[in-house]
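Notes for the one structure printed next.
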Amino acid sequence: MANIKISVVITARPSYSRIKSFLKSLKKDHGIELQLIVAGSALLSKYGSATEVIEKDGFDITEKIHFLIEGNQPSLMGKSTGLALIEFSTIFKKINPDAIIVIADRYETIAVSIAASYQNIPLIHLQGGEISGNIDNKVRNANSSLADYHFVSNQVAKKRLTNRGIEPETIFITGCPSIDIAKEVLLNSKPPLSLFHDYTGVGPIFDITESYLVVLQHPVTNEYGEAKTQIEQTLEAVYKSGINAVWLWPNPDAGTDQISAGIRHFREMNPDNKIHFFKNIEPSDFLQLLLHSKCIIGNSSVGIRECSFLGVPAINIGSRQKLRDHSINVIHVDYDKNEIYEAIQQADSMKINSNSLYGNGHSGEMMLKYLKSLKQKF
Amino acid sequence: MANIKISVVITARPSYSRIKSFLKSLKKDHGIELQLIVAGSALLSKYGSATEVIEKDGFDITEKIHFLIEGNQPSLMGKSTGLALIEFSTIFKKINPDAIIVIADRYETIAVSIAASYQNIPLIHLQGGEISGNIDNKVRNANSSLADYHFVSNQVAKKRLTNRGIEPETIFITGCPSIDIAKEVLLNSKPPLSLFHDYTGVGPIFDITESYLVVLQHPVTNEYGEAKTQIEQTLEAVYKSGINAVWLWPNPDAGTDQISAGIRHFREMNPDNKIHFFKNIEPSDFLQLLLHSKCIIGNSSVGIRECSFLGVPAINIGSRQKLRDHSINVIHVDYDKNEIYEAIQQADSMKINSNSLYGNGHSGEMMLKYLKSLKQKF
Amino acid sequence: MANIKISVVITARPSYSRIKSFLKSLKKDHGIELQLIVAGSALLSKYGSATEVIEKDGFDITEKIHFLIEGNQPSLMGKSTGLALIEFSTIFKKINPDAIIVIADRYETIAVSIAASYQNIPLIHLQGGEISGNIDNKVRNANSSLADYHFVSNQVAKKRLTNRGIEPETIFITGCPSIDIAKEVLLNSKPPLSLFHDYTGVGPIFDITESYLVVLQHPVTNEYGEAKTQIEQTLEAVYKSGINAVWLWPNPDAGTDQISAGIRHFREMNPDNKIHFFKNIEPSDFLQLLLHSKCIIGNSSVGIRECSFLGVPAINIGSRQKLRDHSINVIHVDYDKNEIYEAIQQADSMKINSNSLYGNGHSGEMMLKYLKSLKQKF
Amino acid sequence: MANIKISVVITARPSYSRIKSFLKSLKKDHGIELQLIVAGSALLSKYGSATEVIEKDGFDITEKIHFLIEGNQPSLMGKSTGLALIEFSTIFKKINPDAIIVIADRYETIAVSIAASYQNIPLIHLQGGEISGNIDNKVRNANSSLADYHFVSNQVAKKRLTNRGIEPETIFITGCPSIDIAKEVLLNSKPPLSLFHDYTGVGPIFDITESYLVVLQHPVTNEYGEAKTQIEQTLEAVYKSGINAVWLWPNPDAGTDQISAGIRHFREMNPDNKIHFFKNIEPSDFLQLLLHSKCIIGNSSVGIRECSFLGVPAINIGSRQKLRDHSINVIHVDYDKNEIYEAIQQADSMKINSNSLYGNGHSGEMMLKYLKSLKQKF
């Protein structure tokens, strides 16, 4: 009996969480051959090799595609994407999938969408119809424009896509698989006691059963040049709070080097700081970490999405996620140490319930179901 | 006093007509430095070197960018676009424009949009919000998603963009500069008496003052594999009509080789055919040719756009332009020699008036005016 | 028992003749898995799709790699080679051969050599140690520098390589497989009676049993800009001779368009010319054509190599093959219609014997034997 | 009066030392326009931004070209070179130099040579005719094959090139500009007292007026996979010697990550080690550091070249420089902690005089003189 071949492309560590439960469903299904492509920063140890985590989770990686050109300037985002487009075109022709799945809105994902659509391979886009900041927005909408099918988080997202002239019958409300992981974490809540044992980072080690903050702040592409100043505001606010903090390393975009420089300088100037920096933490461990934290600070979508389901306050800084649909767990602040400091105080007193804005914890299964319903159209 | 630098990218012969009058306005304005980039098939003699026409019209070409990878298969569209993205990223960084203008919906134009938006250079997209077939549609919408400003043809197009969540104040109704050329042609109507003298083609030479058809049929990207069969239907219908015909060579997309093969085979089998084939005709000569023709046959947007203004019947074949907004000059038919033949009869009896659906003949000036109003935002 | 995987890369039509008998030997051997890669101009119908011939000869093509960027300027040779290097790197990693075979001296072959040597895959270079003109020379020597083993044509070639410090035990005198085909042709000599039936060309059809010339003249890369003038000299000399001629279309290098332009212009100006132009002729038919010709004119290495074995006079024009080792069948002339015309007269009276400077007709088998002797070093 | 434009391409930090004095001569000459291109790892802070040093030395950088694809596997060397070839082809066409200068033997330099020679731009290669290990050897010889002129270190190198059939009149014995710097350092000998103040590294700070070792060990491309084991031998030997050491970070080739891992692991296991690690030290400071050191350990060519002139013992490990022409300052050892340890003892008792095998300290001026003598041939 003929299987269908489904290619899933993961280009960054965070994207893996947004697809993992769906990958599990795909892998289990005997009518489907999963072609898992891991690419870009997901392959690089300096951003926490997603590959190791993925393989440890039992997935076979079909292809590994390198395309990131080293250097720190906006024009290299375009060039890396161009190289990715050349490489994805080669691979898709070679492995000849029946459909390709592209995730969300990172700049390089547009290469997946173009390679697929120019070869007339059905393209399924995850997380279309949402709103965030800027270049992510542009990329997400371009991906939606190029895609044939859309697995979206909620009714609001679907409405935005239909407003754009996308046929309603090509849009499926599935929620986000990241919430499936969050649900498991909620059901198996336990403090991340072995954090400092399981992961190697830098900075002081503290008692994780006590109160702590989590920070994850990415450079903002079109605010290139301000990354260092922006990160300093957060560093100072966290420092001033006097609360222990776990700080996660950001994505490999233009600006990362400036963030690194800012952090390095801060650590030298403030040897008494209480921040422990990690390069990478496995998704489910990260969610347990969040679940037991005081709040998350930064501009990661995790604060808006998973933390909404986990009921954890999120202090969202600046423009990157400002426009994203959110529930009541979010406090928006500017790149301003005082605002951030005050929001930390405010988060302390918040009591948040779980919210299913981004999914109910069954997205992986729903995606599989809808995918199979599309089978005859591929 | 500081000028603003405006980059305009032309990637194909037909795109030049859609920008020419705007280019003239840009060139005349002393506050603007025009950086004209000619690229892709616009550089290749086999598609009629747009470069010669452009230079003859008095424009200086700032950069010539080659990126088309030779071969005839869909995966090369992706690869060529990837290479284009690498090249445009280099050039935009080098010439550092204040804004970049990208035209319409050809597959390679997305490379311009990505290169511009990833470098945070304001991007103005022309002809967004329209609808045509398939991959063009996807590319046009992706370009709109990546663009910061939109110069559109009409109110319908603007409405589609605002429905997509694009801010109305970034959308400007300008009409299409191709209509400016059509207007000049209308005002200076004269039969193309020197056609066979001015252009070298193959096939019989006939009396151009008598009745003739014009044919321009492109391969349809996602119907790759059927290009030869499709062109044969048109060839046979035109042959059966017994009317003289001028046939224009198509765009360099996947499928072009099959069209060439179909035409070559037809010519060998039917040495008594009355079709003269041209590789390229200068835009204004082409419009005069259309103005005095019985009708245009094929799937070029010229039939929908310029011919609407010229009041020339257009027999539109197949899916490529089916969904495009059109006025009453258009007869839609399938890839079917009988349908095409009958439509030729029908076109004979049609009497069409000029329609301003795609512009009123002043688009170039309007675009310049709106561009200058945006100056302080660049 | 473990096979060894041998990758052979063919990037142009003429290269196929230079490897065909070796390919046959490789294919027959059960201890070897042949990975045949066809690439570049060998894939393009406009240069005579080598692929069709190769497949008709019973070989399975493992990979087809497109990398030629369309356009006619020297910088694109570098860019196409760069793209080829990206593509070959992908493919070699994927198919993981035990050794890679690269042929001769075309500009794009250096991409094969770099991709192989940078991945530490043993590289066998064919036809090292010879001398021809210019850029070919540079590329051939660079390929020798990058290669681990060398299958050379004769003792002279071996001596040149050892002079360069290449270890004698890595050099094997095998002759050139093209001579194997020439030998078969010699043994089965018959006039190419069905030439005009089997191949479609343009120009007058003549009685092939009568006296005729063969012409094959490539553009010379570093004399870019003079290609049109150069071809005109040859056209006029052939025209003046009044002898029928078969003219083969040249390689896709910078300058090809100028040659085409020169030929087109000549044909228009001289409708009474006696030249028939073919795009491509299958190697063995081409050799029969040569064997029964008066002489070959141009700058193809076939005149120097195969014609030496066939005993056919060769009028070699200009710098391209000037320095190549040759036997007494060769007359060197400049780009000068008078010199060429006189050489045609001279060739008429020459009587040449077969010479084994480039092989004795058993190269394919010898190459296989030496390859297998290297097996344990791979 | 017409100047000549000379492009010099620097792709790595160490290459700058090998050209610096020549650059100074070029810059001073009013008949020459210097087009300085800095590319590849020379742009990356993680390998010590050569750009900062170059600009501090008063040179204007004409172009910065990024092409290194992130990741740690041999196939990416080929791909990065392919991308470099695309980029250099663009830039050379754009800046249109009269001649291009390429340095030595790093893998990516072949892209410079190909881009230049395929555009028929005269190419001058520095340091041809030498011998080192392996892939460097292949690349150096390929560069010589592609070059038109050769500035070599000594008579031995010239002889090797003429043996290869290169015309003697295209070869100029100039010595290596790196020796010019070494001469200045010899003439201005002073201990590097401010080393720990001027450069930020990791590891213990010690009294630099006391005895110390210098280590610089690169991964060896075709011994990929053994880099970690190899570096461990050196680390243990240095550790066992009990002598203070300054350790320089290696080049960005496949294998660098393994070296980093080896070093990290060693530092954790041996917190009492006496090694200070630096990412980058300005060339002249580095030479002062060497001049006052006990010896240099590793596989850098600095040990063979500059240290020969400085009269500093060099313990050369493994295959990388084994075949390089050397004077009596060199002790060859294997990747073996005991051999290395014993060589450290031996070096202690050596007394070495300055040797001019790689130049007499006036290379920059000689190169300028010869370049100007070639002017009319460009």
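Here the chain labels run A, B, C and D in written order, and each chain numbers its own residues starting at 1.
The rule we apply is simple: a residue touches a chain if its C-beta (ideal position, glycine included) is under 8 Å from a C-beta of that chain, and two chains touch if they have at least 3 such contacts.
On a predicted model such as this, the values are computed, not experimentally measured, just so you know.
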Co-neighbours of chain B and chain A - touch as defined
C, D
Chain D and chain C are one sequence twice: same or different residues at the contact, by the over-half rule?
same
Between chain B and chain C, centroid-to-centroid distance (C-alpha), Å
41
If you average the CA atoms of chain B and of chain D, how many Å lie between those two points?
53
Would you mind listing the residues of chain D that make contact with two or more other chains?
73, 76, 79, 83, 86, 90
What is the shape of the graph in which nodes denote protein chains and edges denote touching chain pairs (line, ring, star, complete, other)?
complete
For the complex, give me every residue of chain D touching chain C.
73-79, 81-86, 88-90, 92-93, 107, 110-111, 113-115, 117-120, 131, 135, 138-139, 141-142, 144-146, 160, 163-165, 221-222, 224
Residues on chain C engaged by chain A in the complex (per definition of touch):
83, 86-87, 90, 94
Within the complex, chain B is touched by chain C residues 43-45, 66-71, 73, 76, 79, 83, 257
